[in-house]
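The first chain written gets the first letter, and so on, giving A, B, C, D, E and F; residue counts start at 1 in each chain.
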Amino acid sequence: MTALLTAADTANILVEALPYIRAFAGKSIVVKLGGAALDDSDSDLDLALAQDVLLLRSVGVRCVLVHGGGPQVDAMLRRVGKEPEFRDGLRVTDAETLEIVRMVLVGKINRELVATINGQAGDEPTAVGVSGEDAGLLVVEPRDLSLGFVGDVVQVRAELLHRLLDDGLMPVVSTVGADAAGQPYNVNADEAARAIAVAMKAEKIVYLTAAPGLLDDPKDENTLVHRLTAPELRERISHASVGGGMIPKLTACADAVEQGVGFAHIIDGRVPHALLIELLTRHGIGTMIKAEPTW
Amino acid sequence: MTALLTAADTANILVEALPYIRAFAGKSIVVKLGGAALDDSDSDLDLALAQDVLLLRSVGVRCVLVHGGGPQVDAMLRRVGKEPEFRDGLRVTDAETLEIVRMVLVGKINRELVATINGQAGDEPTAVGVSGEDAGLLVVEPRDLSLGFVGDVVQVRAELLHRLLDDGLMPVVSTVGADAAGQPYNVNADEAARAIAVAMKAEKIVYLTAAPGLLDDPKDENTLVHRLTAPELRERISHASVGGGMIPKLTACADAVEQGVGFAHIIDGRVPHALLIELLTRHGIGTMIKAEPTW
Amino acid sequence: MTALLTAADTANILVEALPYIRAFAGKSIVVKLGGAALDDSDSDLDLALAQDVLLLRSVGVRCVLVHGGGPQVDAMLRRVGKEPEFRDGLRVTDAETLEIVRMVLVGKINRELVATINGQAGDEPTAVGVSGEDAGLLVVEPRDLSLGFVGDVVQVRAELLHRLLDDGLMPVVSTVGADAAGQPYNVNADEAARAIAVAMKAEKIVYLTAAPGLLDDPKDENTLVHRLTAPELRERISHASVGGGMIPKLTACADAVEQGVGFAHIIDGRVPHALLIELLTRHGIGTMIKAEPTW
Amino acid sequence: MTALLTAADTANILVEALPYIRAFAGKSIVVKLGGAALDDSDSDLDLALAQDVLLLRSVGVRCVLVHGGGPQVDAMLRRVGKEPEFRDGLRVTDAETLEIVRMVLVGKINRELVATINGQAGDEPTAVGVSGEDAGLLVVEPRDLSLGFVGDVVQVRAELLHRLLDDGLMPVVSTVGADAAGQPYNVNADEAARAIAVAMKAEKIVYLTAAPGLLDDPKDENTLVHRLTAPELRERISHASVGGGMIPKLTACADAVEQGVGFAHIIDGRVPHALLIELLTRHGIGTMIKAEPTW
Amino acid sequence: MTALLTAADTANILVEALPYIRAFAGKSIVVKLGGAALDDSDSDLDLALAQDVLLLRSVGVRCVLVHGGGPQVDAMLRRVGKEPEFRDGLRVTDAETLEIVRMVLVGKINRELVATINGQAGDEPTAVGVSGEDAGLLVVEPRDLSLGFVGDVVQVRAELLHRLLDDGLMPVVSTVGADAAGQPYNVNADEAARAIAVAMKAEKIVYLTAAPGLLDDPKDENTLVHRLTAPELRERISHASVGGGMIPKLTACADAVEQGVGFAHIIDGRVPHALLIELLTRHGIGTMIKAEPTW
Amino acid sequence: MTALLTAADTANILVEALPYIRAFAGKSIVVKLGGAALDDSDSDLDLALAQDVLLLRSVGVRCVLVHGGGPQVDAMLRRVGKEPEFRDGLRVTDAETLEIVRMVLVGKINRELVATINGQAGDEPTAVGVSGEDAGLLVVEPRDLSLGFVGDVVQVRAELLHRLLDDGLMPVVSTVGADAAGQPYNVNADEAARAIAVAMKAEKIVYLTAAPGLLDDPKDENTLVHRLTAPELRERISHASVGGGMIPKLTACADAVEQGVGFAHIIDGRVPHALLIELLTRHGIGTMIKAEPTW
């Protein structure tokens, strides 16, 4: 394909991309992985994503990956003979469930992401798994005692992330937090990613999803909304004009930009290199949210 | 008790301890935890150990903790309906077993150590869990294909540990390694601890065991050998005059000091604050091994 | 145009370009301008070139521009009533001619390049004109007394260039040199560019010409040679299989890579953004010369 | 003795001492020597003190020693045939007396302290004698013309002390000051020590005396007051419930903590290693004064 | 001559000069050259000036030279057949004239100064020619459209000068400026020198002229005014009690000191080493202006 | 006087002095004071010397002053009723004598020098008294047991001097040394000055004496030898063609330059500002010795 591109086409893409590359150098970007990105069945997609974050890192972008892993936790719970239980969409987390959550997130999903990235990184294996418990990264308080060990992030000690990034390393964060006594808690990954991005004063938070972005008509992928402001987004959320499943993520986006993150993006994790295209072209590929209408 | 000590007693201990404190400031010490130290049943002991490493860190010692966890892996394997299998004392590790090993070491034991230390550390939670896969810390090659994913450490990238220590953090290392393609392997924890100590040019490696140290008569705890050289130790190993179970650990000690680690220690993990006493008193509490007889 | 490109096309170009951008960050590149690049008649081309060097600088490339200006000197000489005189292709340079050469190169052409770049650079005017006399940059010895003040570069004090680059500035060098007593001399610009690139241990030297590069058949622009080694290039030069006018430039390329410059390039100054395409795509657009055949 | 201590006793002392060692690292402590500490007759005591300050220095405490020397001055005055003369407890200091004061403090007592410490310091002789005249350390104004060259400290230039400490050296300060014209003056050593501690923002000032500390009943050494606040101390001073000889020193203690020094201590210079015990155990050995009752 | 001086004479001059040398070390001094200093006919004078600035630089003074060159521009204009045209004392500057101005200032006069200084500087050629266009040094706005490209300095980006000085180099500045679009303008050299001195927070600005300084009686060189304040100077200017030709320079002096330059000096460029004598002796040789009467 | 000097005279002295000032900036110079310089009777001379070293320091010269004080020791010994005793020109130094030597050198002469310099130094009192015992500066071994505590310098720890100089301070050194056990010894001041200059890799050692320098005819002050090499000096010493009293000092000069000190000078301490004139004029005022004849 590339071979058929004219010199002018190539020049245009490069002329467009270089100012973004310059602008993002030294900036922090938090990428929340979910859905397709954590699905073992499409390893090409995983490799393209690993390549994207390694390329972005190579030009000075400070990438932090954040992941959850609900389906994988369910599978492991069932394997040890325990049925997952939810209340109002939240996982009821007793001590035994918490131990499984932690083993699956920190000991399995995080490990697989680290392995995929380091496997692509040649002789500079830069991915480092981090749990929210490490160095007090995610400090939580219990949300509702009837839910067990489910917590809300009340403080982020982002120093560890900054230090790893300063050393050229790429943190991959499991969203397990702890209270001051060291007791671990299960926390929502979309929320934790937002809290981390805000604490790091990140330039961007990017949610990789299984949809093209925010759609005017949730059933028609051709109705992608390219840009909108946080107030516009909150308006849509309040009128329920968005697909229901998207609401928590959209709320996290609005919160993020209102709390100081430069931009929030929702992009399609099913398109190879979607991250690179979203960040380095003028049109992007998904939906971009900004605090104020000053495009 | 302390109240009954005379001023002279107190002064003597302090006068003895301060030169050690000075000598170890800025030096690295690798502490391998096994047996009692990882046993949930004695949390007082865990707390004393957590206190020891935090106190040593507070006076500038760069502590790295390394752990294995065989019994806990066996328990989890059985929980998911898989019988542990060994050949010549080594765990046969197929892909499924490896996944369980990794979940237990990285997602359970490591987490519990981090939680215990951070729970003791007040508003400076300094423990950080690290897997040998992170930033290519432990590079391994397969040992014997018939054993599956069992590897030997062939390279240690200690930079990550040095950097965390430079930042005042305390790495807690799970002994899972990876090959250049990112494929994880199960590695022996005593060996991995030695390899890390050698790569870090550590001042000391300390093995916490369920015995007082090396005994002249393995059945009599009053026959503790306080000091010996690597050649003397190898002599005893070759004459099988030591308890059989100790041999791999003793060999690792001899290897460590011959490869540049200042001292290797075998101490009793069942005695509270054994680590502090071994390091900061002239007589110590366990067995100390040095390369050459220049005490 | 860009609008018609697929996401995959765009991704491919970016995936290809980023490793080059990383590789060149912090590296020095000397760009020798001649022919079209200095011709006032095509200001779009000038602007594209100014944009290219500013974009390259923005991602960390240390660009040095070097220029000559024979035709413009001839014009000024005639304007003050003096006919240009050459012997064996070299300008006979008496004191009066030298004064005109210096005024045209330093006071006119250099100024115009600085103005064009700074006019494109918004509120970061980074171009700085430099003469080879400044801070002893180009130390010369007379070549042949019968030619007057024509000199050969015998030493390059590249510190001034390094310092300007360290400060984020972009040196634009006029090829007037001086001897130890401060006496100025006229020097060949292709040669001076090579001497500067060698002294700076530059990654690349790029000659912008009015041809696509080295052609197998000098009359057929479709016979471009994409890559060759210095020995291959010398072979072609010795067999006169290249267009005569190209020989000094080609010799300078061979000299440069044999003296430590990473790569020499000859590209078409008439194609907008040729510099960017040559540097950031795998196929490039002109001819690349390397010391040894280790592509 | 130490041999009879149990592991638990030893562990307790160490667990108690380490947090102090950490807390004092990098902090400055001014130790005022008087009485027994300057008495030639007990060199064991001198050696224990030298050992204490060297050990404290070895773990990062920045120790400054300050001394006076009234009895020794009297002896030298009599040796050259001059009777010491006092008015209201202050030495009448004519030019000749001043010259003797200076010779004895700077040329004799200071020298002996430096020699004792350096004699204990092996191949790191770190003690450096300093007079208050050096680099304008103690700037004084005359107190009362009828007393001659007796001055009050009005400014402390502590830079010299900080710089010596930064270099790992240990200043031993003679309390001779000078006015702006370089004219020397005799100053009270307790007062000068306080002024230095305040100027250095010292963590502690410690007065070594020939008593256990502040006694409830000055005649009963078993009535030691372990801790009190500056207001409590001023209350006792105003009610004269303390031994008269102690009043100037106690006032200096109250002044010091009210002017920003963390703690003032009065300890028994006759007990070997009293300094170490006071600083590194919870109970201490003498009297500790703090500004506010926030123990 | 020197041989006849007594030791006391020599000592007096040195004792007088050293405090000035100390005081000026690290300070910036802007020297505006005009008249005799740019006149080719007295090269001894040029050499003495070059020696002076090199000597001052050698003891840490940060010297910036600024020059104009009206007569030389006139000569070149006439050489290419164009008659110089002035309106109210200002050169009417069309595009063609501007090109000649730039060639003469940047390509001829600046070059000659650089060559003279570097010719004296041995193996440390430190002079570097700079145009006001380089790195946006002199930002100008057009003064009056009917005058063509004549501009007033509205911003000075002094970073380039500071950086060159930091590197031990000596900038020689041609007073051509540019607007934001890169369009060059002709600017008044006395004014440009003042603007540079103000922007650099220079210690001094020194105008080298063809007169001894400010004279009480413009016709009597024995009526030199050694020192006066800016208000006194403005008073004289308003009463026209000074020679008319001096007024713009005197106004620039008053402006400079009122805008933060420490001192302005007007000295006789015809006296060898006038610069050195003015700066390093108590009496000086010309006229010194200060903002306020606090000599 | 200065007022009568012509501009040319002044310019000549300045042009001559500046290169020396540049050359000596950052260099170390050891000045040994003896004779007149320590004689209380001529305080003008003292003030001129203090001014000289302060001026030299102000332009970056790193000055170290070294002094002895034989006559003052004799006076004090007699004052306490003890007759000075010499053997082969060396003071017999029992413990009591040593105590007097130390009090006089460190507690009296050194103090007076410090006071004089600091009294001249305004609000930057930079003189700091140092004894050879401080921080192990002068390590000595006993010379001959029958002489008592008379030692030879066997090691110089110059770090303390370098550090004080780095901080802009001026060390004034008393020549008392100590052995490894801290025992003080009396050492020869000329010798100690040489040892310090050698250890500091000083540019110069300057001996201030009560003579114009080395004289061809010791009885005729007009026969001053301006320059000679170490071999020439040794030749003269061996032929006893120099005044006997000078021999130890001359030998120290020859030793110094042969051991790496750049130049040794012997100058007349009775001439005000002799130090400044010797260092900053081409002809100097005394005798200069260099290792090799490469003037």
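Criterion: a residue touches a chain if its C-beta (ideal position, glycine included) is under 8 Å from a C-beta of that chain, and two chains touch if they have at least 3 such contacts.
According to UniProt, the chain labels map to these proteins: A, B, C, D, E, F = Acetylglutamate kinase.
Predicted model, so just to flag it, every value in this text is computed and none were measured.
Annotation of subunit B (Acetylglutamate kinase) and subunit F (Acetylglutamate kinase): jointly contacted by D, touch as defined at the top. Fewest steps needed to get from subunit B (Acetylglutamate kinase) to subunit E (Acetylglutamate kinase), stepping only to touching chains, is 3.
Among the remaining chains, A is positioned farthest from subunit F (Acetylglutamate kinase), on the basis of C-alpha centroids. Using mean Cα coordinates as chain centres, the one most removed from subunit C (Acetylglutamate kinase) is D.
Averaging Cα coordinates per chain places subunit A (Acetylglutamate kinase) and subunit D (Acetylglutamate kinase) 60 Å apart.
Centre to centre, using the average C-alpha position, subunit B (Acetylglutamate kinase) and subunit D (Acetylglutamate kinase) are separated by 45 Å. Inter-chain centre distance (subunit A (Acetylglutamate kinase) to subunit F (Acetylglutamate kinase), centres taken as mean C-alpha positions): 73 Å.
The centroid of the Cα atoms in subunit D (Acetylglutamate kinase) and the matching centroid in subunit F (Acetylglutamate kinase) are 36 Å apart. Annotation for subunit C (Acetylglutamate kinase): no residues touch 2 or more other chains. Chain contact topology: the protein chains form a single closed ring, every chain touching exactly two others.
The ring of chains, read from subunit C (Acetylglutamate kinase) with the first step to subunit E (Acetylglutamate kinase), runs C, E, F, D, B, A.
Taken together, the subunit B (Acetylglutamate kinase) residues at the contact with subunit D (Acetylglutamate kinase) in this complex read 1-3, 5-19, 21-22, 25, 51, 55-56, 58-60, 271-274, 276-277, 280-281, 283, 285.
On the side of subunit C (Acetylglutamate kinase), the complex with subunit E (Acetylglutamate kinase) involves touching residues 79-80, 99, 102-108, 110-111, 114-120, 123, 125-131, 133-136, 157, 159-160, 163-164, 167, 169, 176, 178, 180-184.
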